[in-house]
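Shared chain: chain A. Partners: chain B in the first complex, chain C in the second.
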Partner chain A sequence: MGINRRTFLELTAASTALTAIGTSSAMAQDTDVIRIGIAANGPRHSDPNLTTQGSDNWATEQVYEQLVRPEDGRFALSPEDWVPTLATEWSASADAKTWTFKLREGVQFHRGYGEMTSEDVVFSFRRAIDTGTNRTILANIAEVTANGPYEVTIRLHAPDVNLLGTSIFNNNTSIVSKAAFEEIGAEAFATDAVGTGPYQLVSFEPNFGMRLQRHEDYWGDAAIVSRVECVYIADTTARTLALLSGDVDMIEAVRAPGWIDSMLGRDPTLKIDMTVPGSFNTLHINLTREPFNDIRVRQAIMYALDREAVAAALAPMGGTMHGLQPAFFPAGFEADDLPEELQYRHNPQRARELLAEAGYPNGIEFEANCSQREDYSSTMLIVQEQFRAAGINMTLNIGDHTAYHADNRTDKNTLAMHASSYPPIPTQIYFQQLASASQVKADGTGGGNYSHYGIEMPGIDDLLQQALEATDYDEYIRICEEIELQVLRDLPLIGLSTLSFTAVRNANVDLGYEVQSGYARWRFHRATKSA
Partner chain B sequence: MVRYIAQRLLDAIPTIFLILTLVFVAMRILPGDPAIAALGDNALPEQIAEFRERMGLNVPLWQQYFNFLWGIFSLDLGRSLLSNTPVTQLIATYLPYTLELTLFAMILGVAGGIPLGVFAAVNRNKWPDNAIRGYNLIGYAIPDFYLGALLLIFFALNLGWFPIGGVGSGDIWSRIHAVFLPALTLAFVKTAFLGRLTRTSLLEVFGKDYIRTARAKGARENRVVYRHGLRNALLPISTGFGLSLLSTLSGSVAIELVFNRPGIGRMLISAIAERDYAVVQGGIIVFALFVVLINLLMDLVYVIIDPRIRVTK
Partner chain C sequence: MTALDHGAQQVVAPEPGKFEIVGKIFAGRPATVVAAFVIFAFILIAILAPVIAPYDALAQSFLRINHGPSWQHWLGTDQFGRDVLSRMIYGSRNSMIFGLLAPTLAAIVGTTLGVIAGYFGGIADRVISRVVDMLLAFPELLLAILIAAALGGGFWNIVVVLTVAFVPGFARVARAQTLSVKQEPYVESAIAVGVRTPTIIFRHIVPNIAAPIVVLMTLWTASAIRLEASLSFLGIGTQAPNPSWGNIIRDGLNNLFGSPWPIIGAGLAITCVVLSFNLFGDAVRDVLDPETNQ
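Presenting the complex of A and B:
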């Protein structure tokens, strides 16, 4: 088939016109909607009492509220940092077992379900305690009672100086409408829950995501942008292209080395929002396996690790932990504040000496499992190289993420990396990863203490119990600091690095606040978007 | 004919039963716990135990298997372990998107592949034939997810001619606009496959006596190629079409991910990663049924194309 000059010109003109149309349609963004590309295949639930997929919280964060919250983009690092939300005042008894909350008057539920009262608060807590996904933490709540329409009292089985962080600012205890629940029914409520937040749920679409609309009767300042769309895009390439093309305004980032640089290379105007610390990456040393039951070998591992270099390799998302908490968290230490012998500054030569003292002059070899997920595999590959320089040869078996966790849960790993997000409540990580009650078991019925600390050697159970029973916050922190030092002496668990939760947005979206810390989701009610 | 179809459907039951059993066993053999996938890495032992009990995962394997089979007989494929949504509802939601993509890809594949094959056969060993053979090689060699990403970057991101992903809005033109690029990606390899098959079949037919006779009688070349040649080459092409249809259906798995389209493929990938047994089983049932139906359809097409083939008991 020949092509003459006329045809060629016609084709060229058509292509140019289409290009122009395409470009203008991609640029012509609606400034009254924020679209976020979420790294998951589809939403599971919108009911905050049921959410198990972290990504769904981008929507629940906009739609539901709790009695208290931290400032936008931050964690509450001390009891004074909590901000009145659906409660305006609160007080705790001297024994930290009875907490009273005065509720904000005039708070309206979405879609005309009326004013929030203590009846809704009691209902929401009862529902969370009975059927929520976080019942273990809430099991400490003995009773929630209404004292009139605008006051509730929460009585605990044991003291909890951190109640606001453990149980009040908690997805499960978001306040939902009792009347709506009774009208809609439990099953439909799973994807159609009614809350009080600055946005209300418009549609829950398994094949798309969730669409939200401004709650016009919001008790605080109404959201500036009228709509939010949570678009689920699991594939990394598709999500990246969606951001670069302007199809979405913001995406959840890929937490792998170099990803941020490559994004900024494509578009230097992009804005990066990161929570510090993000997830805590810890290394569990299995104390039931030789030679790791020898403290000198564990110390050698610690000296072999260059934790600053791990963080630098993951920059700008990586951070360091000198114990099990980031330095700015309660009970966190800066390296210089630790005793010299517990600082474990990178020293491969010292690691080799310790191995030789332990009877391994030629170093050690072992196998460890690792998840193929980017944050796990990239971190562990760095660790592998650092170990090699100190005579520790670790063969990594990198495999499926779900299988990796199942193997860890059945005590099949020697050096297990674990990535998890924690609020500034130190006892949560101690309980989940160090308490003897959480010891891993071969039949899978155990918990997340993969090192067997507290069983193979004396652990921190007594100190943990003292911390959990503390009635004074400062005393609580003091005991937690003691735990940190003991763990650094015993080394069953290493705080390897932190990895920020990160989102990338186009420059025309301004969140209205700076993201500093907090969970892996942030609110959009103060956000603005320009053309 | 009706009896034949009924017989073929009955014959398919053991195959489907075998597939279901294999999927059931494979999912349980795979390491990984749906309870941890559903509840997260920090799930406590009590939460995991409660989840397993609620989802019927705490009973012996043989009992789970019979519950699963009973569910299928009563047309209940169970509920997603993660979202608690009925699997039939998930399939009803996602299947139309996969069928839409498959249909468009096949239309593009056939519309491109057969004319290319004819053109190559007619110009055997000339430069158009060589060029088309080169294209065929590329079509076979390039992975469709990679091609999809390239097309996305060029046509959607740089030129802005197509949306980056999704399925468009409700109206038909928007749907076609959204499905075109993913369908083109899938069609690329189909075009290569069908083009090569058409060329080979036609060249074989061109060597037959009746083609020589037609030309000797002075029949026009178009008539020789299309009426005598292509018509007689259709049988192997139709076999290729059936195979191509099945591979398009399975190829949609990767393409749905790259183009962020909802569909059975994306549903399956996510369910396998999260060990959502019920959803995986439901998705595989859909694919198995399609394999059976397409094979049956192709058998019937043979009868229509070649009257010498008869349906026997």
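Presenting the complex of A and C:
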């Protein structure tokens, strides 16, 4: 076998990268451990109530559980899809304001902290409502009370037909041990939380990641592989090489054009797991900036965009949204089901005409910030090129990911891309990205409505309120569809594309189930690994 | 007055002609000739980029992502389906412009400061020298990153960054040379007969300290190209989608398995140009620098 220049170059890069991350190839042979390479510099928290770095949830997903969960690898698309987890039964009052959960008996906490009871559940919810990272959504919970050791009642301020999706299956409301919290103390608990999941936390190492071990007293079927290691490798090339060399069994993918193909070209046996739809990539048009306050300019932007091409460029991870939901989600539309004028089929010529009508016969120029993370930068570079063909010249300032979000949060962007994952509960995106209550503020105290919709022009606040107060699910969906149409008419926010959360694993690891949808992490308790 | 003129002629060696200098630079140095040819070729490529680039450097096509080299695309395509060769050709413009502009501006600013410090001395010298010392304490790349992080990207910001990074070196050399030239009898004579200060500086000082400044400029052209590539690689130089050799390598690194050609191409280009400027600079130094010109 000869060695050609390409192989030589790659081997050189490989050995450099491996030296840099300090792993040894002897790691891979152990069949009783699953190692996942995570796309971040290091873990920040293991407490599910505090995680703000999405990648940390690969560990929390294994260690903590909620009262109910969807099937592994899926979202619950309708109320029947929920699976009893730490609760065995539940019921809601007719006005959807009082929910009662019967708890599973005999659930043991990790490390000998005893049986889970209603006291722990009340404690966990209280903690999430008061000090968690998702207090806005949980603010609707008025009261959580214990009725004996194995039953809790949750009372809401306003009805919520989607309570299981919005507040129960939620990272923050994972059930943790009250006794452990009191013993360990709040500060240490942030990286050493005690839960009930199939794996327990063994060590939290800021320079390495998190090591987990099987929870032997798990209430369900015990995990098959005894250890899980979450290894943090932010550099995309190093992470890729760690997978190809077998140092890790699985990695978070690089979500850039052509990446999957190049990986499969390298090793056709690799398995690709991805959630559909994954993240919702939206474009906020800042209505306070000239010329975007003109609806014709926003329409021009919409016609300049080729949303199918954006999705195709990121194939097989990319997907389209014709409104703000993928077609197979509640309140989602197929293009053909929309009124003709709201389909906005790609038409650069029409875009130029609209710009001319708006007084810009020579097109427009503006600057926008963009994150350097590969999913953001590649999507926006594609958008930039599509705009150019329609006379819209966008200068991109590509910068650090954290700084990008900080700038967006302080109203410094004109056309802000935002990637966020949502369950099939349409009102969540409306609430976070369109409600006037979530308007961005220059001092950073505002929310994720970067367009100022509902302030600069009448928004969807009334419709959203009706949807949130609906006690009937079909009525809820009907109102959501109305919101979708109004947003397509007003265009403060564009559903650009969806992008699957993707992980690539070596063929000797079998997850034990198929990943279809869900959040950007999946459980390993049913996984097996062969030599 | 005639006596004085006669005396001055005895002190100053006859000036070699321009062609003589150029001849000396190339004579008996085949490597320098090749280097000069490479530099000339790249300058030509940069100037003629729109004419010789086979494709629009920014045009994407998702039907041809990560293609290998072919007759249509000599260096293949990148992850956006853009032609790598065209991007490199347009990227040479950035490298050349920054490589030539930044040392020139730095030479003007640095020499001015150095001459002021060296000629006038006193408080001006103390202030300028301390500031220069402070800047010299930072390696050029670190200084450039510091300023780039504060100013952000953009063409003129990069020019400012590179210029500021190079000014201290020029200032220090200009000051030292000025101090020594200032002691020469012809300068002292000029002062004695009452020639105005600006005339002394421009007629007697600057021409006589020009040689080491020119040497420094040639050598630092290579550094400027390297520095611009480093900044673009780090994401604070030339901003996407505009190509520069540095950001072509940066994008290529993230897409190493898709196509290694952007890295190979841009890496070779940087190596060739930097090496050529260094060889050429060395030759110029050998001829112009009195220390080595024996």
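Note that in this section the second predicted complex is superposed on the first by the 503 of 531 C-alpha atoms of A that agree within 3 Å, B and C clash if a C-alpha of one lies under 4 Å from a C-alpha of the other, contacts with A are read in each partner's own complex, and residues count from 1 in each chain.
Here is the rule we use: contacts are C-beta pairs under 8 Å (C-beta built on N, C-alpha and C of every residue); 3 or more make two chains touch, one makes a residue touch a chain.
Bear in mind that the values here come from a model prediction, so they are computed numbers and not experimental data.
Three-chain overlay on chain A, with chain B and chain C fitting side by side and no clash. Of the two partner chains placed by superposition, only chain B is touched by A:Ala190; chain C is not. Counting the residues of chain A that each partner touches, chain B and chain C differ, and the larger count belongs to B. Within the superposed three-chain model, A:Val254 lies in touch with chain C and out of touch with chain B [touch as defined at top]. Once the two complexes are overlaid on the shared chain, A:Arg409 sits against chain B while remaining clear of chain C.
Of the two partner chains placed by superposition, A:Met457 touches none, neither chain B nor chain C.
Contacts of A:Thr237 after superposition: both chain B and chain C are touched. Between the C-alpha centres of chain B and chain C, as viewed from that of chain A, the superposed structures give an angle of 40°, to the nearest 10. Looking at the shared chain after the overlay, A:Ala158 reaches neither chain B nor chain C. Of the two partner chains placed by the overlay, neither chain B nor chain C lies in contact with A:Val83.
In the superposition on chain A, contact is made by A:Ala309 with chain C only, not with chain B. Applying the stated contact rule after C-alpha superposition, one finds that A:Ala507 touches neither chain B nor chain C.
After superposing the two complexes on chain A, the shortest C-alpha to C-alpha distance between chain B and chain C comes to 7 Å. Common to the chain B and chain C interfaces on chain A are residues 237. On chain A, the positions that touch chain B within their shared complex are 18-19, 21-26, 41-42, 44-45, 52-54, 133, 135-136, 187, 190, 206-208, 231, 233-235, 237-239, 241-242, 244-245, 247, 400-403, 405-407, 409, 418-420, 432, 438, 444-448. Residue ranges of chain C in contact with chain A, taken from their complex: 58-60, 62, 65-66, 79-81, 152-153, 235, 239-241, 253-260, 263-264. Per the touch definition, chain A reaches chain C in the complex via residues 6, 9-10, 13, 236-237, 240, 254, 256-259, 261-263, 265-266, 309, 312-313, 372, 374, 377-378, 381-382, 384-385, 388, 395-399. Touching chain A in their complex are the following residues of chain B: 30-33, 36-42, 44-49, 82-85, 90, 93-94, 97, 149, 152-153, 156-157, 159-167, 257-260, 262, 266-267, 269-270, 273-275.
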